[in-house]
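So, here come the structures, one by one.
One chain, subunit A, links the two complexes that follow: it is found with subunit B in the first and with subunit C in the second.
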Partner chain A sequence: MKLQTEKKDFGNIELFVFIYCSTIALGIIFLPYISAEEIRSAWLKVMVGVIPYLIFLFLLNKVIRKHNDRDVLKVLKDLSFNWLYYPVMIYLLLSTIYSIFWGIKSLAIVIQTYLLQNTQQWVVIVTFLIFVGISLMYGITAITRLIVLMFICEIGVIASLVALLFSQDFRWIYIPPVFTVDVFTFLKSSISETTRYAGLITILTFLPLVKKETKIIKTSYMSLLLIMIMFTLVSILTLGTFGFEQTLTLLSPITALIQTTYAEMTLFERLDLFFLTIWIWALYKAALIYFWFAISITKRIIPFQKKKEWIPITIYVVIIMIVTVATPSFVNLSWEPYNINLLISTIVLPILLFTYMLLRKKRSVKE
Partner chain B sequence: MKKMSFLLITLLLLLSGCGDTREIDQRTIVLGMGIDIEENGEYMVTVQVPILMPQGQQTGDGNNNEFETISAKGKYVWEAIANIEAATPTVLYFGHLKAITIGEKLAKFGVDHILDLLDRRAPLANEVYLIIIREKNKVEEFLEAESPLVSLPALYLDRFFNADQKVSRTKEVRLFEFRRDSNMIANTALIPFAYKDDKIHIEDMGILKDQKLVGELNGHEVGISNLLKEDKVKNMNYSFEVEEGDSTIEASVRTDLSMDFTYEKSNPIHINLTISGKGELVYLLPSKVRTTQKTIDTLTEVVERRVTEDISKTVKKMKEIKVEPWLLGHRIWAKDHEYFQSLNWNESGWVDSIFNVNVSIEIDQTGQKGMLDKKKIGR
Partner chain C sequence: MLFKKKQRLDPITLSFDEYLASIVNPEERLPVNIEILKGLMQSIFSESYDFAERLFKLPNGQKAYLCYLSGLINKTDLEDNVLKTLLKREKDIYVSDDFGSILTITNYKNSTIWKEVIDQILSGNVLLLVEGVQPVILLLANKNLRNVADPTTEYQVYGAKIGFIEDSRTNVSIMRQFIKDPRLRSKEYELGKESKTHASLVYLEQYAEDEAVETIDSYLKTFDKDHMLSLGQLTKYVSRHPYSIFPQASKTERPDHAAYALTQGKVVLFVDNSTFCLQAPITFMDMLETSEDHSFLVTWNLTFIRLIRLVSLLVGSALPALYVALVAFQPELIPTTLTINVAQSRAQIPLPATAEAFLMLFALDVLVEASIRLPSFVGQTIGIVGGLVIGTAAVEAGIVSNVMVIVIAFTAVAIFTLPNWEFVSSWRIVRYAFVTSAAVLGLYGLVMAIAFLALHIAKLDSLNRSYLYPLSPFDGKQLRNFFKPAR
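Up next, the complex of A and B:
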């Protein structure tokens, strides 16, 4: 198969959609309550949870401006020692693979619950991963074009969610009280919400492919803001329709919401299946982005030619396939280690690295 | 060519989803399900399934029914369902289930036993209607009832609730609504009653506290209940006789009401309900009576008084059984938790609460198409 070459030909729209698709998938399906213990106002938590990633973007912008280079990982390599650079890259790679594993497990449970109750999970996982593997061979240009095209469906989802605010099942009375815990518990609880925006990390290897004239920071902020609005909207809608106690126990509140509301509002009785398909596409897009990110990181650890790209693609797809099939069902796994790892790899570590890069530059200038 | 072959092989992977397919004739599509409890504690589950056959064809025994009801007993609900499955040639499919009918006896015993099962089954959607069947009928009898209006009882219920009924004697309750309301501060939810004699009747609401039937709302109380819970109600009908001058007039007024809820922070709590709304005169006798402003004022006064009385009566009835099904306590709990705690709402706060009801209705329509009070001049 002829692999596509990577060119710097992505503009504002591609960057906007790339960030949106890398972040929205898993976050929205399990909104608003993913942890074993949750507080009522998840909608407030997702609003607070975006703040660390706004700081991430702010610092990223500073690094790019100071070093006049959008490839911050290359800047890190130039500025730091190998003993720091390589462990960081390997950790980012492993963390990305962990996220892919989690996403595929989630996909399997959603499909098995709502669509194919009698199909074994390994069939779902293997088929999905083969598709993802083949798609990855086409390269980032084709992937980006695909996700931009598919974004049209997301616009339909946004419009549908806004319409649900006016459904007779939605009542504001089920949403308050707003603040039922102390500030410390609220902030602690918000940590798990922060991880919903973790997909933003993938722009580190995407930004070098973006055209020079692209306004990367403004576009990134706007995309992140739209994601935050979507998360907040879904949280408010599910809480205002099902109440706190019921929402807490639903596997996918947004799917239940669509099942509940659109069944009687529309001509088609099982319109929820249409929305489910869109969310499976969303997971497909996110899987493509995450796999591509893992391969980009690998290329920085062990440089290889583009024509050899099929090797890491195959290796990663097979590894994920084996691990996801061999591990227990999703419901028996704890979100806690996953969330903690995401926090470290996508926010704590990058912010530390950005700060380091800013400090190193100043120091070298002084020297 | 190679590329095309590769693409075709890849597309074949899409067929992996077909492993889960079942042809429609391999499924028994359940449209209605009934659950009740027997004297010996066993569950009796009845499913109503449509019979799929070419138009005009009769079943072997000459039965023209478009549906069949199948019942089975079991120690657990799921066991009873499995027993039904054993008695049918195909797989029971609940993806199109419209309504779940619950026996009054089971409702009194408690429905929490069945809710867990209903919550865990993904094909069984959240929007199925819940209905309690009066004790005068067995659940399986009700599901066998035929109506010339809509052939399948389950579809009858679905049609009834979807049709935005013009009488406020009942209100649809779906599975998720029941669960949601049961989780609120008062742990109380409503489910409509139904029964059949020579016809199917859907009216009145059962009150379930902690998922057990503890009381009921009848007639106008249901409309008042909707008003208190949803802050609005449509199509409340009042028919009455009233003296005006020397004559007695009969009138029917249809009202759409909305409610404003406030309270004074005292102990016991003072709850102020300000009801406002519009009315439509739908019937007036004798026809020679003209709808002068005076007549309208008289009718308005009667309707306002009747609404006030109905609210007081309904509130009193709920206080007697110590149940508050309208989220009034929930509003206070959400707004001012400390004050709510001081009220001891579920034990005494609700029973001791004092209501001030202020009703203001404007009859702004004296009929939709006719101007029946016009007077002719001359012969």
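Up next, the complex of A and C:
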């Protein structure tokens, strides 16, 4: 094929896929009934939950336009005081590590439940982290190319999810939202769904790497909306296939969904396990993105050369390894503190910071 | 001393320049005295039976001296156009320019310094010294070239029946026959301080990216090895990731393939003594296509064949690992009837599925390697014997299951649908890595190995071009063209 038109930096597609992959992994596998206060209209909550992140993108756009710089964290450093900037960055870093821990623990549980029942959890965790650690050494260009490649492969999966809407087991009667609660409870419950979009925070360090001519906001909106559609689709599918009561008992409704629907249709008897491999890839991509984000934040706290990147990579991988292996195999992980922290670190804090940056005057040329 | 570093004694090997400097000053001009020159030449080419010299007198009484490497020159030209004409010369020769009206050869040039003269003799030219006159180099080199013939390693049904030969200049002229365009540029290089191998870089201006041409040009200009004897050596030199298992340049001995590559904007590199040329930059998808694909009269044939190759690549690399994962870790994934059949076939097998897979993979690769090196008639015998041994006999002996034989046979056939042998070899290595991952962690291990491999491929570049292009960076138009070219 001709090579004349090859692109050199990250463009619209890379940004679109980066946002998609940073967000979709963990959210989709545990969709939709694991949130704190459950009500029957989960798919509606998923749609409402995206609104804060649309505001996030709107304010981000305003900040970029006002200060004419896509590196908003740099703008923050220039505009704020050290006593504000560094604690914020450290908090973002710790939150990211907390999210990685959560994701890897979840991965281990899913793998142990569905694929490797007789293998000890630490084996799963350690091998995953070794793979991730070595992969991180390849750098963001390789990671971005990988996620684009995998996204292309996943288009088939997305298409197959749409096909499930027409399966025999699907009942539209389960879908209409049943409001047994007041609006306040509904909105409160929706907040927990908001955390599904928390991966969007990682674009803060990715945007400076994107080509100048890229339409970042339009692309980000589109990616976020695709994620919302995917979440809603999975919610509707699960609810329509199992009904509300049964869905509540499933660890991974989407896995059970595929297991039920495709059981007698294909060569693979347990197609859910095959689909599970797609989710492992999704978690691998998400882990790479989150780790890379953590390293980018670290670089802003303690500047270091690119060739020394292996040091923070090793430190973080080892820390996560120790923490995840040290916690018991099957613990009833409470999602509440995790979700609250996610909300603060990925939506409340950034919105406050964006507002602050909007209120401040433009940086002088000298700065 | 306990930790004293051992002194390493390197064998003393002189470079070409050092060797020459030990006899003459390489930067000095040649003497015009025949006896001195003859003595020095004999020292330089001592113990070389193919070094030939002739001392004779012209009719006018002037002494003349010729020396050359006997196998490399055109003797007929030397006799008819040099010796005969000189022996008829009755007038004195005063300056080297006089040779222009005496010799009937196409070209000659004045000698300069020792280093250059020795290079010229080594290239197959002749040194002529007429006493009192500055020595001249007679350009009479006659390389041992064979005629252009069929390509022997890349069989094609529809493609041109012509292959490259061992001379890079001839190969460039073949390319000129395929592409009659003044924008077909060619640059030449001398690679290897001692081997001085001639290389030609060919590209189509306005098609090839300037950056790619500049990059390979800078690589070639800075080639600092002593010898350049094989194309593989050069491939490693121009590759940014020489230790990757995937090739970052491709080889072909087919001019039609090279011409197609040129029209795709690639650069093509010819090296003397190799019947293959190097093409770069290449991508993963390039490895799935041949120029012959465009010979199909029906476009869908091309689409089908490329899809087949892509699927075969997946099957050929991952099927044994998938078998191990399914049999050893996740038998519930396959239909119950098939599980029972597999279990029955494995009931009398003493080896675990992993060992069975490794054994069969190893046997397959040994067979492939053995049959490649042997003449075709013996190769066929090896194929038949090997097929029986790793097939029927192994199953009947209860060493491997018949399902495993089917898996390996299908794997072998599938991977050979890929047109590029170097690429096939890479995937053969990948197969072992996949089986190892599947043996340790089942489907989970296999999935992680595939993801990691994808990341490794994503990291690769060929002359600064992404190996995954047009998948990533995504270019929908080019991707569509790959499966269904525009009219």
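Everything below uses one rule, namely that the second predicted complex is superposed on the first by the 344 of 367 C-alpha atoms of A that agree within 3 Å, B and C clash if a C-alpha of one lies under 4 Å from a C-alpha of the other, contacts with A are read in each partner's own complex, and residues count from 1 in each chain.
In this text, a residue touches a chain if its C-beta (ideal position, glycine included) is under 8 Å from a C-beta of that chain, and two chains touch if they have at least 3 such contacts.
All values reported here derive from a predicted model rather than from experimental measurement.
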Exercise. So, A:277: does it touch subunit B (first), subunit C (second), both, or neither?
Worked result: second
Exercise. Counting only touches as set out at the top, which of subunit B and subunit C does A:326 meet: first, second, both, neither?
Worked result: neither
Exercise. Regarding the shared-chain residue A:245, is it in contact with subunit B (first), subunit C (second), both, or neither?
Worked result: first
Problem set entry | First, second, both or neither for A:145, with subunit B first and subunit C second | second
For this session: Would you check which partner chain A:113 touches, where first means subunit B only, second means subunit C only, and both and neither mean what they say?
Result: first
Exercise. In this superposed model, does subunit C or subunit B come into contact with more residues of subunit A?
Worked result: C
For this session: Once the structures are superposed on A, label A:256 by its partner contacts, choosing first (subunit B), second (subunit C), both or neither.
Result: first
Exercise. Touching A:302 in the superposition: subunit B (first), subunit C (second), both, neither?
Worked result: neither
For this session: Have a look at where A:176 lands relative to subunit B and subunit C in the superposition and call it first, second, both or neither.
Result: first
Problem set entry | Contact residues common to both interfaces of subunit A (with subunit B and with subunit C) | 1, 115-116, 119, 123-124, 127, 131, 134, 269-270
Seminar exercise, completed: Note: in the complex, subunit C contacts subunit A through residues 207, 209, 212, 264-266, 281, 283, 285-286, 289, 329-330, 332-336, 440-445, 447-448, 451-452, 454-456, 458-459, 465-466, 468-475, 477-478, 481-482
For this session: Sort out for me which residues of subunit A touch subunit C in the complex.
Result: 1-8, 11, 13-14, 111, 115-116, 119, 123-124, 127-128, 131, 134-135, 138-139, 141-146, 148-150, 152, 267-270, 273-274, 277, 280-281, 284
Seminar exercise, completed: Counting only contacts in the complex, subunit B reaches subunit A at residues 3, 6, 10, 13, 16-17, 19-20, 95-96, 119, 122-123, 125-127, 162, 174, 176-177, 179-181, 183-184, 327, 330-331, 333-335, 337
Seminar exercise, completed: Per the touch rule above, subunit A residues touching subunit B in the complex are 1, 113-119, 123-124, 127, 130-131, 134, 169, 173-174, 176-177, 180, 241-246, 249, 256, 259-260, 263-264, 269-270, 272
